[in-house]
Amino acid sequence: MNSRGRLLVSCPDRPGIVAAISTFLFERGANIVHSDQHSTDPFGGRFFLRVEFELPGLSQRVEELEREFSRIAVRYRMDFRISLADVKKRLAVFASREDHGLLELLWQQRSGDLRADIAMVISNHEATGDLVEPWNVAFHHIPVTPNTRLEAEQRQLTLVSGGVDLIVLARYMQILSPAFVESWRNRIINIHHSFLPAFVGANPYAQAADRGVKLIGATAHYVTIELDAGPIIEQDVYRVDHRFTTRDLRRVGRQIERSVLARAVTWHVEDRIIVDGNKTIVFD
Amino acid sequence: MNSRGRLLVSCPDRPGIVAAISTFLFERGANIVHSDQHSTDPFGGRFFLRVEFELPGLSQRVEELEREFSRIAVRYRMDFRISLADVKKRLAVFASREDHGLLELLWQQRSGDLRADIAMVISNHEATGDLVEPWNVAFHHIPVTPNTRLEAEQRQLTLVSGGVDLIVLARYMQILSPAFVESWRNRIINIHHSFLPAFVGANPYAQAADRGVKLIGATAHYVTIELDAGPIIEQDVYRVDHRFTTRDLRRVGRQIERSVLARAVTWHVEDRIIVDGNKTIVFD
Amino acid sequence: MNSRGRLLVSCPDRPGIVAAISTFLFERGANIVHSDQHSTDPFGGRFFLRVEFELPGLSQRVEELEREFSRIAVRYRMDFRISLADVKKRLAVFASREDHGLLELLWQQRSGDLRADIAMVISNHEATGDLVEPWNVAFHHIPVTPNTRLEAEQRQLTLVSGGVDLIVLARYMQILSPAFVESWRNRIINIHHSFLPAFVGANPYAQAADRGVKLIGATAHYVTIELDAGPIIEQDVYRVDHRFTTRDLRRVGRQIERSVLARAVTWHVEDRIIVDGNKTIVFD
Amino acid sequence: MNSRGRLLVSCPDRPGIVAAISTFLFERGANIVHSDQHSTDPFGGRFFLRVEFELPGLSQRVEELEREFSRIAVRYRMDFRISLADVKKRLAVFASREDHGLLELLWQQRSGDLRADIAMVISNHEATGDLVEPWNVAFHHIPVTPNTRLEAEQRQLTLVSGGVDLIVLARYMQILSPAFVESWRNRIINIHHSFLPAFVGANPYAQAADRGVKLIGATAHYVTIELDAGPIIEQDVYRVDHRFTTRDLRRVGRQIERSVLARAVTWHVEDRIIVDGNKTIVFD
């Protein structure tokens, strides 16, 4: 169709914003299909909007529309972006030995639930290649050792530059350098296998078993320089009890991780997430 | 404050609605505080909107605003209503022997979580009066027998006419006559102790135990002439297993019923529900 | 190891059962590793027990143990079975166009979360074969038309006879004949995409959308002659609202179906389920 | 009836424990009504058991039974206790300004869902007395200031000594001294309004809002000297999103706190909890 667009706006809240935007769209013949908005405080807070609209011939007019909308944006001091709903985002999935997150994304991509292209899979384990093979997705084996870390990152950066929209760390157990993280700000999603901020860092299931919690969780978040402290996109939990061994926690945890990660990635590629400081607005 | 208003709109969807409404509000100096909208289908479907806005001096201008908005409403074939957020809705709670739903409402009203006035409690059990007494709420004991049903209804209708906005059947085990139900269309909320449409009618917990379900539910819905078949407002469930006796199901069920009923009533009194045929749009 | 065994017992409840069984096991050198029991009513009800135990050399002694235990079983009118924990159950998965349930089982089997062998996949759609191929599992394409139904069943029965312990209907949209169902009593698990008993039969998501429910469910149950009415093994739900299209319901539903089906199959192959009339006792 | 008893056992795991206990009970004419057991590791781990049994005339024979059981207990190095199911535990509820936890306990006690006696309510706020009054429960107003803390504790200890089985801190915002805590080890339950170990300490809702979590939780735990670090009994969560204000979080949180606290107290008074180091075994 190529006529479906999405407009995301974020600006200081003040009267007239919705009127200005909706009139703008109406005057150009766009039909609003969905619209969600949020204000942290109508008096002096910040305003967020996501509009999905139909505009015949949009794919030919995106730049023109952006240019015209800039005038409104300047007046209201807006950050904004317009995207075509039918242009699929391209993902690079970084994986390691635990492959359930990767498989879930491959699978949901195939079933059409995840409307994105998986452009490549990068793993520090060669065996991941066997798993990826039947899916017809480019695979790159990049080993990482303490000595080759920066070199490995360089190869990764080269691969993802030009064409990749989002990096997904699907239980990729390596920590990326601050420079890497900064250059992909709000475009790297990680899945952490605990209900953050509980159990930051390594071995969260062992930490959870130690503490005797009654719910096991998973958290998908954007990666920032501080470990496991970036804006949370999605979380979920599952009830456990004293009978759960660490093996059971892992098994149950894998299920939660898979669905939490898939929801977070889906929301990102459908332009449903706006990052506001260290929090996310998710228009799901 | 008396400057906070809510506008609810429902009409056939077509381009320009949001522009028209937001421009209308902006031109009158109103600041949109929250806004939610929904379209069953942007092409030929139905459009629903809830706007919460700030307009200084609104309480003096409601009728004027309604008159002015009527012009837009006619053009777009809208049903609409404008209400003052600070004018609390008045409830009549119909109760019977099982009093947990009633208590939850009294309690949430007192804590401020439920922003409504409980104008009266009507029960066919005299003992309910003792419970209500410390809460300083008008209590009416109206016994119901097969022979006195219509007479009892007449007394109930007299009590609620003039001043009551919503009737809540908090496990009121009597069936209201079609005439009563019709005259209070979409203004009677019932709590049913099952996940409807499973286990319609009497003794849903016994039915659930018989069927061996693994989740126990509760459903709040608007009352229609057909038993337990009205528009569903809210539902929730709790996990059970073979060890749950009927007594356990009742105990757990009471907890779910309380919270489901309280959420449904809260949404109603905050003008968050629009009924669309036999379904509800809940802007929560 | 081959020393881990499971004993399942079901009998009229009366004093002394646990003492008899635990003494029996202790005298033979068995160490109880897990034990779960349930009584529908300690006075005149029915008693159920699942014991997992370690007994060195068990694999050589199972028949002897059964023979010896028979004496206790006769005295207490017990149904019982002893199984070796390390002997994996063999599954036949019947699938159709919707393949998410099948994929989940293949996947969990590979990850080790589902400790079973998938002996074969049978589908009335040839395309399922492409999906199964990389998993190295026997695939049989058996088309079903109204005229060939019984012939198809005959082929299926031949395939599963001798070596298959459990048939899983992973969204297999065909109805099996009463004779088939009877001969595999309590050994066929079906996944139904609703919270039964709500929305029995075809198109439960459409039924759910029509009714306007606020939670979407899935139910795994043993197949009986009456459609969607067999003993429920597991159920789960996911919260939905007015914004969910039928496509969204299907997407979310797939996730619930997958996890509910996988849990039910896991419990079956780990001998955790005892059927009691039309209900299940699940020692999870 | 006074014939229903509960036996709780904890000891090093080894073969023969269940046989010894069940034979002991059988020989004395006891009928096992429920039984739950758990082993942290059948080889060298710790074994836990809860048995509920019927034994006519038990109330006259408890001490005799304990004496006789001691012989088994010595042999297996067991900690054990036998209690009469019909002897209600006596609670002292410590409350403060936030009274929802207190009200929930009063209410569940009245409805019979919580089978315990609320012997007294102690609050540092005089106004709590008005709330408690209609429930016919002893109320003690004990103000706490930095200077009078120890004196206040002394009064509290005097009140609870002799007759109180469990202290419930129902959002009692004062920290008890280590000496107090130690002398009531595993007999003080606190409700914390976060999913521990996330958001230890003051203002967990503000902390949660700051961190942008997507689920709000509550945790009931036994109080130990280290703040919010004692054995967790029960936890639950509720889904929230960017639209929840701090007021909304509080409102939703109150609901979770109430049910989590009530479940924890119920399990304690029904002898369903065994503390194992810093964890709990809950035989629910």
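All chains are identified by letter, namely A, B, C and D, in their written order; residue positions are counted from 1 within each chain.
Heads up, the rule we're going with is that a residue touches a chain if its C-beta (ideal position, glycine included) is under 8 Å from a C-beta of that chain, and two chains touch if they have at least 3 such contacts.
Small disclaimer: the values here were computed from a predicted structure and weren't measured.
Chains that touch both chain B and chain D are the following: A, C.
Between the two copies, chain A and chain D, the Cα superposition rotates by 180°, quoted to the nearest 5. Interface comparison, A-C versus C-D: the higher count of C-beta contacts falls to C-D.
Although chain B and chain C share one sequence, what matters here is the overlap of their interface residues, and that overlap exceeds half of the numbers used.
Taking each chain's centre as the mean of its C-alpha atoms, the one that lies farthest from the centre of chain A is D.
Centre-to-centre separation between chain B and chain C, using Cα means, comes to 41 Å.
We define each chain's centre as the mean of its Cα atoms; on that basis chain C and chain D are separated by 37 Å. Residue positions of chain D touching 2 or more other chains: 34. Listed in rising order, the residues of chain B touching chain C in the complex are 38, 195-199, 210-215, 217, 231-237, 241-243, 276, 278-282, 284. Within the complex formed with chain A, the chain C residues making contact are 100, 103, 107, 111, 113, 134, 251, 254-255, 259.
By the touch rule above, chain D contacts chain C in their complex via residues 14-19, 22-23, 25-26, 29-37, 39, 42-43, 54, 239.
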